[in-house]
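Reading through the structure tokens given below for one structure.
Order of writing sets the chain letters: A, B and C. Residues in each chain are counted from 1.
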């Protein structure tokens, strides 16, 4: 349908491809540079560079780096769990039982966009000081504040999902068959917005893996903080691991888009 | 049956406590308040208590900064105490943050190595302690009650890749056209002590004084306008890649690069002769809430002993006890000879001078910016 | 209700608990409900209060406090009076506007190009996935990507060195540290965000409108000028505002690239929080943060207003 809206003449198609090549080129060139830079070996006899995998292999030998990769994945998992347990349930609950509060929840979820992370960390430092002393000094605690960062994006995804499913009809039907509210939420609604939850989860993972501002200013050693520190010692390794991380999330997103949920990936992505 | 068992348990517990109390006369709580080794009954008792604790938490000590790597290894080898080195890339501010955030936990740092500003602003979290050779530390470099004491200093120096360009003898040399796009200052002067003292040195070389940093800022502005100053923060990576062929930094950092890059890059260090050498001491302090108080104090005894202090010397840093060591003959002469020649009386800024200089710097250090 | 009164709460389901926000009496569906359903929203509100509202309050209040905790306007005055801060705000705003507009146009073009393709096709899915990654992903890695391209020893730096010589900005490897360099870097992560935000609108252009325009003898130009353009304008504007906020608030990229000087406002906040030379600036940092909140709030308000207008159209 969309194809004809924008016309399908040859001129149009050429324009499309030209734009795609130019803009995607802009986006892809730095990524290609990363691969080139991180595989550059010493200059060969003909003056051009040899290729080496030593920096990529060095990633596996850096214990601290490997440790923070798993640490961040752990934090990501906690953040996703928090997102589902807190945001999805609250949004669903609101849709079902307290529709009047939808606007309020929407506002609160979009509020983090108005509070930049660098500002948030200024205000949250004293809170984390208390948490560190009284609860735990583990960086896993970062998941609590990461959930705030994730809210605007997760909200859009879940909201799209809830809108597209006729939540109230489903709920009424289930209730009339005797289901309690919990059952309605977890066994009826959630499976139907599975794709949206999945989409929100992947966005959360991407955000957590890439987060630098809050963890560095709160003096936690997370993945990005360590990459930055490595960059001061050896640029090539830092570039290699950056690219690896980007690739990982990209593949994750593609896999989820293709195989996740009942609906086709493209449609699900549109819900965003 | 049950009653007998519980009575037995109680008896066991009481015995254990009694035994524990009779054991060593030094418990952790003693070490926490000890202001010197004598208070604990001598160095041996301190060693005993520290070994019992088994661990020492240090923070922000890069292995190649003033040879800390070797010093830490030496400490562990001598006493068998494990050293946990947190955040080697951390700054002085990070150390205080870590102490505050981890207060009361096992992960809090036991000892600090801080820049002067940060140390003086946070004396409320230090515990006073005087090492055995307290008298060897010059009076102006220690707090009379023992809250903080200088450890080592370096002179601000210029390090250069002499394969690319000649090593400058003076600060003024850096303005020459052959240094175009080559000079980098370690750290933003409004953020880091090394950069700050680079401006002090430039100021002294251009008619300013420890109280007046304006000529120093002027110098760097000229350097920037000439295109000689790089807007890049130098690091081992930038030096190795050749991005920063000349670096203004502490002598011990530049000299460490000489050693690290031997064979690939010929990195030479000089202390500019058109100004008195500018030095800044870092300060040691014991954390009041150290999770391992005895180990913390043993660490202090170690690094101020000739063995420890010579470690700094080998790292091209000048220990606070250097004068005493030379007099006593305990100095590592080879390491001493390896240091760069610095003519003139060193200038060490006082607390007030640092405070006064920093405010002005914030407004004037804005020319290195993006256009 | 078909459930007999004495039945336990619905089998196999937690009858209430923190996650569900349900009171036991509700889980069984028994009447009467004494606890209002608003209780179910409580965990979320508590969480938001502690981790979003409280920190914001700390910043706003702290901006008006001095080191001892008493009220003062000195921090706010410092922000306005000190040229370093004024310039930083100016530069941040300028950079944000430029990259918002650049990112908006390029992103919109990309969205148009992608929308015209096969909805289920690999191209579309890949572009959307790539945008998701690049828009969400942290600045440190992007900084390294650009250092690998334009920085010292970068892939393109070598090319420019051969073409333009080592003395030129592009050939020296220091080009990234100029305003133009930063603009190019920032635009890089603006484009994917624009794609994600704007693509649904392009997809929403209905077939019927094109047909109607064509059947009335309209050309492509008039279609865009009179139908699609006005339709898309509000969303486009809204997305541009979002991009502005995105650039203005960006910290990681700037922090990873720039360590000499603090030309942007986010870097000034970094300095206030972490400097080991200039101490006691925490509350000025809060005043700077407050300034950021004010600017971003104004822009977000405009964004919400524009969004409301758009949603009316799309119904």
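Keep this in mind: a residue touches a chain if its C-beta (ideal position, glycine included) is under 8 Å from a C-beta of that chain, and two chains touch if they have at least 3 such contacts.
What you see is a predicted model; the values in this text were computed from it and never measured.
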Centroid comparison with chain A (C-alpha atoms), farthest chain: B
Which of B-C and A-C has more C-beta pairs touching across its chains: A-C
Geometric centre distance via CA averages, chain C-chain B, whole Å: 40
Euclidean distance of C-alpha centroids - chain A vs chain C, Å: 13
Chain B: positions in contact with at least two other chains: 94, 241
Set of chain A residues in contact with two or more other chains: 231, 235
Residues of chain C whose C-beta touches two or more other chains: 153, 274
Chain A residues touching chain C - in the complex, by the definition given at the top: 1-7, 12-13, 15-17, 19-20, 23-24, 26-27, 29-34, 36-38, 85-87, 89-90, 93-94, 97-98, 101, 105, 108, 110-120, 122-127, 144-145, 147-148, 153, 175, 177-183, 185-187, 202-203, 206-207, 209-213, 216-217, 224, 227-228, 231, 235, 238-239, 242-243, 245-246, 249-250, 253-254, 257-258, 264-267, 269-270, 272
Residues of chain C touching chain B in the complex: 82-84, 87, 91, 152-153, 172-174, 177-179, 181-182, 258-263, 271, 274-280
Contact footprint of chain A on chain C as seen in their complex: 1-3, 9-10, 13-16, 19-22, 26-29, 37-38, 40-41, 43-45, 47-48, 50-52, 54-59, 62, 106, 109-110, 112-121, 123-130, 132-134, 136-142, 144-149, 153-156, 188, 191-192, 196, 199-200, 202-203, 205-207, 209-210, 220, 242, 245, 248-249, 251-252, 255-256, 266, 269-270, 273-274, 285-286, 289, 292-293, 296-297, 300, 304
Complex interface listing, chain B residues touching chain A: 87, 89-90, 94, 97-98, 100-105, 107, 235-237, 241
Touching residues (chain side chain A, partner chain B) in the complex: 128-129, 132-133, 137, 218-219, 221, 229, 231-235
